[in-house]
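In what comes next, subunit A is part of two complexes: it sits with subunit B in the first one and with subunit C in the second one.
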Partner chain A sequence: MVEHSMLNLVALILLFPILGTAVNGLVGKRLKKETVSYIACGSVGLSFFTATLVFSGLLLLPPHERLFEKQLFSWIESGSFKAAAGLQVDPLSILLTLIITGIGLLIHIYSIGYMHEDKGYHRYFCYLNLFTFSMLLLVLGNNFLLMFIGWEAVGLCSYLLIGFWFEKKSASDAAKKAFIVNRVGDFGFALGIMLIFLTFHTIDYTEVFHAASQGNFPVGSFTITMITLLLFVGATGKSAQIPLYTWLPDAMEGPTPVSALIHAATMVTAGVYMIARCNVLYMLSPLTMTVVASIGAATALFAASIGLVQNDIKRVLAYSTVSQLGYMFLACGVGAFTAGVFHLVTHAFFKALLFLGSGSVIHALSGEMDVRKMGGLRHHIPVTYKTFLIGTVAIAGIPPFAGFFSKDEILLESLTYGNLIYWSVAAVASLFTAFYMFRLLFLTFHGKSRVEHHVMEHLHESPKNMTIPLIVLAGLSSIGGFLGIPGAHVMSTFLSPVFSASGHTKVSGAEISVHHGEGNPYLMMVVSTAIALTGIFIAYQMYIKKPELPKKLAERFRFIYRVLLNKYYVDEIYTALFVNPTRKIAVFFWKCVDIQIIDGSVNGIARSIGWFSSNLRYLQTGYVRNYAFYIVVGCIFIIVLAALGK
Partner chain B sequence: MTNVSVMTFNILSVLPILVLAGFGMIVLFVDILFSKRLGDKNILAYLSLAGIIIAAIVSRGTTPIALYSFNETFVIDNYSLFFNFIFLLSTGLVILISHQYMKRENINYGEYYALILFSTIGMMLMASGADLLNIYIGLEVMSISIYVLTGLKRSKLTSNEASLKYFLLGAFATGFLLYGVSIIYGATGSFNLKEIADFLINKGDVTGPFVYLGVGLIIIGLGFKVASVPFHAWVPDVYEGAPTAVTAFMSVGPKAAAFAAFIRILMTAFGSTHYEWQKIVYVLAILTMTVGNVVAVAQTNIKRMLAYSSIAHAGYLLVALVAANTLGVSGMLFYLLTYVFMNIGVFAIVIILSQRNDGFMQINDYAGLGYKHPLLAIAMTLFLLSMAGIPPTAGFIGKFYIFSAAIKSGYIGLAVIGMINSVISVYYYLRVTVVMYMQEPVREFYPLTISPFIVAAVVISVIGTLHLGIFPSKIMELVQQSILTMR
Partner chain C sequence: MSLPLLSLITFLPIIGVFLILLMDSKDRELIRLTSLLVSTIVFFISLPLYFNFDSHTYDMQFVEKLRWIPSFGINYYIGIDGISLFLILLATFLTPISVLASWHVTKNVKEYMIAMLTLETAMVGVFVSLDAFLFFVFWELMLIPMYLLIGIWGGPRRVYATIKFFLYTTAGSVFMFLAIIGLYFLNYRATDEYTFSLLEFYRLDLSFAVQFWLFIAFFLAFAIKVPMFPFHTWLPDAHVEAPTAGSVILAGVLLKMGTYGFIRFCLPLFPEVSYAFIPVISWMAIVGIIYGALVALVQDDLKKLVAYSSVSHLGFVMLGIFAFNIQGIEGSITQMVNHGLSTGALFLIVGMLYERRHTRMIADFGGLTKRIPVFAIFFMIVTLSSIGLPGLNGFVGEFLILVGTFKSRILYASIATSGIVLAAVYMLWMFQRVMFNEITHEENKMLKDISKRELVILIPIVFLIFWIGIYPNSLLRKMDTSVNHLLMQIGEKANIVSVAQGQKNPNQLKHNSIPKIDIVSESKQEW
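The block that comes next holds the complex of A and B.
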């Protein structure tokens, strides 16, 4: 059975990155930079190669048998609680594995050039490999515990890499913010898993989903709704949705390749993966689905509107990521899991490309990130410009580039299976997307150069190891959409074994079902192309034709502009609502409770332990006669106890 | 019992013991006959290791039923085979870590190896004893060897003092044990564990309070050996005074042997009266954990800290004994195995770093170790984390099983106290780590001479600690098998 021998290689996919981490972490300091990068890229490369083998092994199986589980070992067994380590290969997990290792490999290679002068070179690659491992664990695990371990581990790596330049206060603050905000989500996630164990007495995917699809739980069952909502709380943290999205824009303090890999292509999509993985559970809870779709739509629009006026090249992309993730959740929320995952894939292509492109710009400009100090760069860094242009076109939704098909499908599904509100919100967000992306493109690469003089002197195109990943990603962003063109939807056919299990479910009069691009796709295509072109046209008018217009508009609509520029003051509101009260409570506890009561009692305990210790020290006299005496005391005590027992 | 057949003297059943005894004597002879030509006496260490490996080979495998021999005083079952494995493993590791140390301290006597092997024989006798007298003889064989080993460094006063103290108190405690055995004999008319059990089940009500008195006294005698509070007072002094390699030896094997006897006596002979002795062990467990951990917090000398930590670990193991269910006993066996790896691992690092005459023994001496010797520091951190019970190390799994056994038997309060104690222990274990990584060195690190022997011991311990922490289920199956044939 050649396909099974290929599938059995799945453990190797995980092994290579963790080996890379171990080598670079333990002895990386003593190795040459070149060796470090060979180890890091090589391990991810091998992992990618193995993933393609496993993928072909899976393709050799007939579609309905495409579920392969490999039990590695069982960790703890105690009563009904069983914590086992096992891997699961199915269309969904292998698709994400290919993305993680494939795009991960490109970003590793890109990092060689981007980080070559950094003194934390081996540390960087050690973390990056560790991230790859953790992310693979998250998607390949066959139970919720492994997903949770991966979930926490990617959070840790994200923390370490956002704060990679920890000497900078803003970086270490951003890292802390990401970690703490994610704590909120992870708490919900952990509760959700515990509730799953309480309800199903197992945390194994196959068993849980099988039990859930047997009709033991009525649609809208309270328990399932609680489980799915709690899991979704975790997703809002990890995938930066309202209300927990605030950490992602700040996370741009990390090195740009990290933003591309972790904060665009892979980790932030973990929430989407989780919901797609648990589609059986989510389909049982219409309430949760509504929540997911609404939060997704709201986030898509909200983040896109903030992106309209930001001036930091990476922050625009960050808000764009938040907004695009919103699309994915919208898709999942209306039951179009395929569309959500499809957008996840294309988004991974073009957003990684855009981030790496912005990194190339920043690299060329010696670290400048403010678009107001850019402009006219297209002739100086032509490769970056061309690839960035492709990425921009792809995300804006111009056919035949990748983003067009996936976004179009989401718009279509949100209208067919959701309602007009979802669609209009998504459509407006789509208009915004086209606008802010072209605004970014025009400000950066077109018009007159506003680059500072001394920076201009060092202006250079990036080295080969940075431009080649850009070119590859540009290729993927151009053609990636053909995986899901209506009529010949490769993606939906491939993913159908994962999503068909949940079946069609009647919900509150309306039929919610798992479906793949029915309805009238062609009319929608025309509409969404028109929307995108409108956005581009406005951007062209404002930033190429009449560059003075934005300023006038900003003054005219001063209030709106200020609100958008300050990101709706959400950070300030959170600070006022949560951070400051917490701090005040903390200070109160510190001043009153901690110092007086706890410190008092701790010191009291310490003092009494000290007293206890010093008395015990007297007991530890060193004299045998004393020690013998203790034995006699113990003996009397035991006899008394035995006598009482009788 | 009068019908003594040839089969009851089954020589094969004691083959591992004979092998060890044979090699022990060969070591003595070689040492005496060739003492001029032996040089650094590597050959003695090799011989002892060979003996241990051969003994391990002959006692490997499992047995479907319990095989009694020597007039039903000696038993081979999976339980005793598992303990044989623990003893041989710990003795083997101790020989690996002691060779270099013995040379450095100028106490590289041949009898060291012989005594260690003889002591191991005693342990095996204890684990295989099906009869109170046999267990007692095993205990004496084990203990007398260790009394001598403790005083091996004749030129050092504290070593002599430790030896004498241990001997006097040990003799005293053994007196209680023997007294308890004789009372049990008086009450039930037998030394044999199975017969005692039968007697108690059938005619238990005629014995009156004597059985409880007897059990209580036996608990004192064995409680002394496992270092349970309040019979623990010897531990810090003896651990500190003994040569470090001997400390490592006596912190693991003898403790495991005493627990082996403890479990077998209490569960086999007195299983029917467990409500009575559980109360005593319950109180002892709480006292032992708490005193061990609380006093360990205040220690500045690493050997003394490890002494109190070993008391605390005895407390956790007593928790499993209180639980007195299958999970508890298997948890205890598992914990003892993990304890071999992590404890000998720590002692190996302590020995590598220590200087002649027990220099470099203060916890503060470890400041900056993380930068000077990163691999040693990582290994040390791993062992300490395991002792504190933090995943993915073996110690976590061990504690998990012990405490869940206690909860399953309804001793939730005891489990909570155990966990509180665990938290206290994190403080003093991690303090060493903090000192290693976050403090500037207060003194210079002398260049270290590291023999391949001791490296092997550290590597084995690291692998064991991690393997049992990540893949515990195989060993757990083996452990569960080993208690099936016991009762």
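The block that comes next holds the complex of A and C.
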């Protein structure tokens, strides 16, 4: 009974946003802006409310019963291949549903203020609702193919929203790049699904994970390694990891609330969700786990190093997102799925806050995004400043703010169950994080104002509908960490049904296993706090105490500075390696192969037939003298033949 | 079924032709309305084919059989199964849309509409024929109106294009005709009976060598029609020169005659050779997928771009057919329908742009979304359908094809999947250059948004794009039995049924091993 009513509620969670999309998409143009925003925010609000109902319903049940599935209808069925349209609720999916609808709601409300002057108001909210629906589908689906639709559909929404101001070439370029780079990742994801089907004869989560945890596949099985690696290729695309991260910084062309919702809090964490969801499979492949952890750690450091020198407020945050996602993958890669998901949650709080904060700054400065033209804003926009400060402190890892506990847990686990290299890389990245975030804070809000005069005149704090979401998120960023405070284990207990299955696969001799930080958490806390404070101190020295220092350093280490500023020239390298050769080959195929070789021979055949026939025509001129001549020639020929024959 | 439904669908357009012949050629509006009415009626009376179709039998349905030329054993023998059903519906669906899309044609309206309606009869005829001779008659009949459509109402290089189209196709058909005659005599030798009945031919037990030559002959005809790489160069020329409706019919239906031919003739008639040809045809298909996509990437003419994308999409269809399993073939049939819808819609859209600006060069557009937002929505949906976005129709076909191919040959599927990445590249780049960025040409500032007539044209297609994407089972369930039967036929004749490796119980699976080929018809128990 409980189950039945609950599953109907789950369908409602999905229904509201898609209804919002339909209404705003079809008639939004004719509605008043106010109505449009009520519909959009209302639908997400109802979704959120329903999600909390389901969540509390779930809490009432004993932990091992917290899993429901509901088959809506059979979607694609061909022979033994069956893909259902079915929903699944368990602690992991409901947690993400709460994030998506909760933070989604705040960002919807914020958008009312941020987008109020835009002509595409209804289009914006239509896309935003569609995104919410797609993202919910991604986490609530009960099989791999449904995850794949959600996966590509959020990609589509991302495409539409990055290119929202499509008249700007840079925006439409960035949108296209995001879609195509993600497609490269999806190529791996799709192949992974096919291999899952070939191996397990089903793509249903429950059945696949059940079959995998029965011990039919030894640890290190080649097939499972291939499956997990292919799925991970998809994750590197969606979650912007090396080598497919290049689209995310460009994605900042979209409206800032979009960056907060899609490119920080929800969509980009889909890869982490995927790996956490498939933890049973991943635990069977130490090789894949090593790859995931190494890519994660490398991305964390790499992106953080680029973030050190960027001057665009949103780009700093974008590289920071890439880097933080790297942490999550590092956690998953060492088997600390809970830590990964925990960081996903706290990151959603503070990164959404930081992006919305940056949006408020940009809004106040009439669109200015270059930190070199900011400074001293803290007195002009105090609410934005205070909330931004909380976000910065949270991401830098200062106790007791949210980011501290989750990042600390990752550092701890990477040392306990990974190795010293993972830990040191993550620690250096953590130092960088503290530095670049405070650099950003100082450059934006402290020091002397470098704001241009005409912009200064319009300087204003954002309206209530923008500041209230900031305040709520600041609250969450302050206390969110207590979900996973060492000793209490709220988060890990709640998620344990999802991750316990892979615990049974623990095989003696295999190094990896599922666990919940049991090293020496208190020493690690001290160390990581010290690292963060060091980063902040350096930033303080460079940007408050001696503002002339950065310039000197940049000249001193010009090569390094230029490489970092130009993002290691990765975009240029990709263009040279992939984009240009593809275009050249394509032109070659068209101009040479198609036109000259194939069509050349086709027309050549036609021409040679024509030539042959036109010569053959001389045999039939209609003149008697010609025919007489041929007869004589023929006779002579026969006589000669006969003579020779003798 | 007392009503000869299939004959009615096939020949009602010809009755329309006679009606139009009686009309004054100056009375354009009447002629247009008549042909629209006739083709719409044909569409509606073809719907019972779907709803009354019995999906539990693989026998031919709605069968009609009359003696035609008894001395040669030629019969008027028609009927459909779950494979031809959807192609007929596609033809009857696209014809009224094409007629409506030709409203602006002012030159020789009478002759134009006569050609359109004749074309419909020929198309439906090809898909319903169960007599090989009758099939060939319709196959050739289709050439004439198409030849005229391109040659009279086409663009500047129409004569070159239409002759190329005609000769290319005829060159292939000649061999096919020889092969049909060959089958006729082989059948006589085996059964002592003169007949062109395809179902009789299916019973023939041919040696490998005989199969080989006959297969080659059919292969040439069908491969040109599809068109498979490297027989594709007539297609871009024909498309570029053809009027919009011609392109829609050409891409939407005519190309499917080739892929349909493979399923209807090559696979069941010459199973062993077909099986032996899997590598050859699959590689041709894969090259077509990648090559077509790459060449599409660098086109500056919208129609050429769509034409090359067809080469790529039909590569997928061929790959699926030669996967020799149920997912592959069902995916291919679905993809034939999908390609007809999405590429047909793309040609319609290009045509609408052409009507507004009298150019098809991508460089002449840019920033159109601002002027024509509603049009942009339709264009976007169709583009996404062509890219294969999950939730829309294109994905279902492509994914099933790839699953089927993956089951039989992993390497092929892996390479072919990269075509999906390329599809996103060329379509989105095109869309960006046409619809996004700022308006750079003065002429584009005065464009009119979508008209009512254009809405009527596009809405049904977009509806089906969503419908098939969300509920593809409405197609798949109708074709199950027929496709399973086809696979059984192949399996029995060629004796190449391999083991179904632990289909039910994953516990028996060996890890580290990936099942090799399997031609398994997975008979369905209950649904």
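By our rule, the second predicted complex is superposed on the first by the 576 of 646 C-alpha atoms of A that agree within 3 Å, B and C clash if a C-alpha of one lies under 4 Å from a C-alpha of the other, contacts with A are read in each partner's own complex, and residues count from 1 in each chain.
As a working rule, contacts are C-beta pairs under 8 Å (C-beta built on N, C-alpha and C of every residue); 3 or more make two chains touch, one makes a residue touch a chain.
None of these values were measured; they are calculated from a predicted model.
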Subunit C versus subunit B, contacts on subunit A by residue: C
Contacts of A:Ile76 with subunit B and subunit C, given as first, second, both or neither: both
Contacts of A:Leu619 with subunit B and subunit C, given as first, second, both or neither: first
First (subunit B), second (subunit C), both or neither touched by A:Leu191: second
Partner chain in contact with A:Ile531 - subunit B first, subunit C second, else both or neither: neither
Touching partner for A:Tyr627 - first (subunit B), second (subunit C), both, neither: first
First (subunit B), second (subunit C), both or neither touched by A:Ser172: second
Partner chain in contact with A:Leu641 - subunit B first, subunit C second, else both or neither: first
Which superposed partner A:Ala402 touches (first subunit B, second subunit C, both, neither): neither
Footprint overlap on subunit A, comparing subunit B with subunit C: 73-79
List of subunit B residues in touch with subunit A within their complex: 164-165, 168-169, 172-173, 176, 209, 212-213, 215-217, 219-220, 223-224, 230-231, 233-234, 236-237, 275-276, 279-280, 283, 291, 294-295, 297-298, 327, 397, 400-401, 404, 408, 470-473, 476
Sites on subunit A touched by subunit B in the complex: 73-79, 609-610, 612-613, 616, 619-620, 622, 624, 626-628, 630-631, 633-635, 637-639, 641-643, 645-646
Contacting residues of subunit A [partner subunit C, same complex]: 73-81, 145, 148-149, 152-153, 156, 159, 163, 166-169, 172-173, 175-176, 179-180, 183-184, 186-187, 190-191, 194-195, 197-202, 211, 214, 216-218, 221-224, 582-583, 585-587, 589-590, 593-594, 598-599, 602, 606
Interface residues, subunit C side, partner subunit A - complex: 164, 167-168, 230, 232-233, 291, 294-295, 297-299, 325-327, 330-331, 367, 369-370, 384, 389-391, 395-396, 399-400, 402-403, 406-407, 413-414, 417-418, 420-421, 424-425, 428-429, 432, 435-438, 470-473, 476-477, 480, 502-504, 506-507, 509, 511-512, 514-515, 522, 524, 527
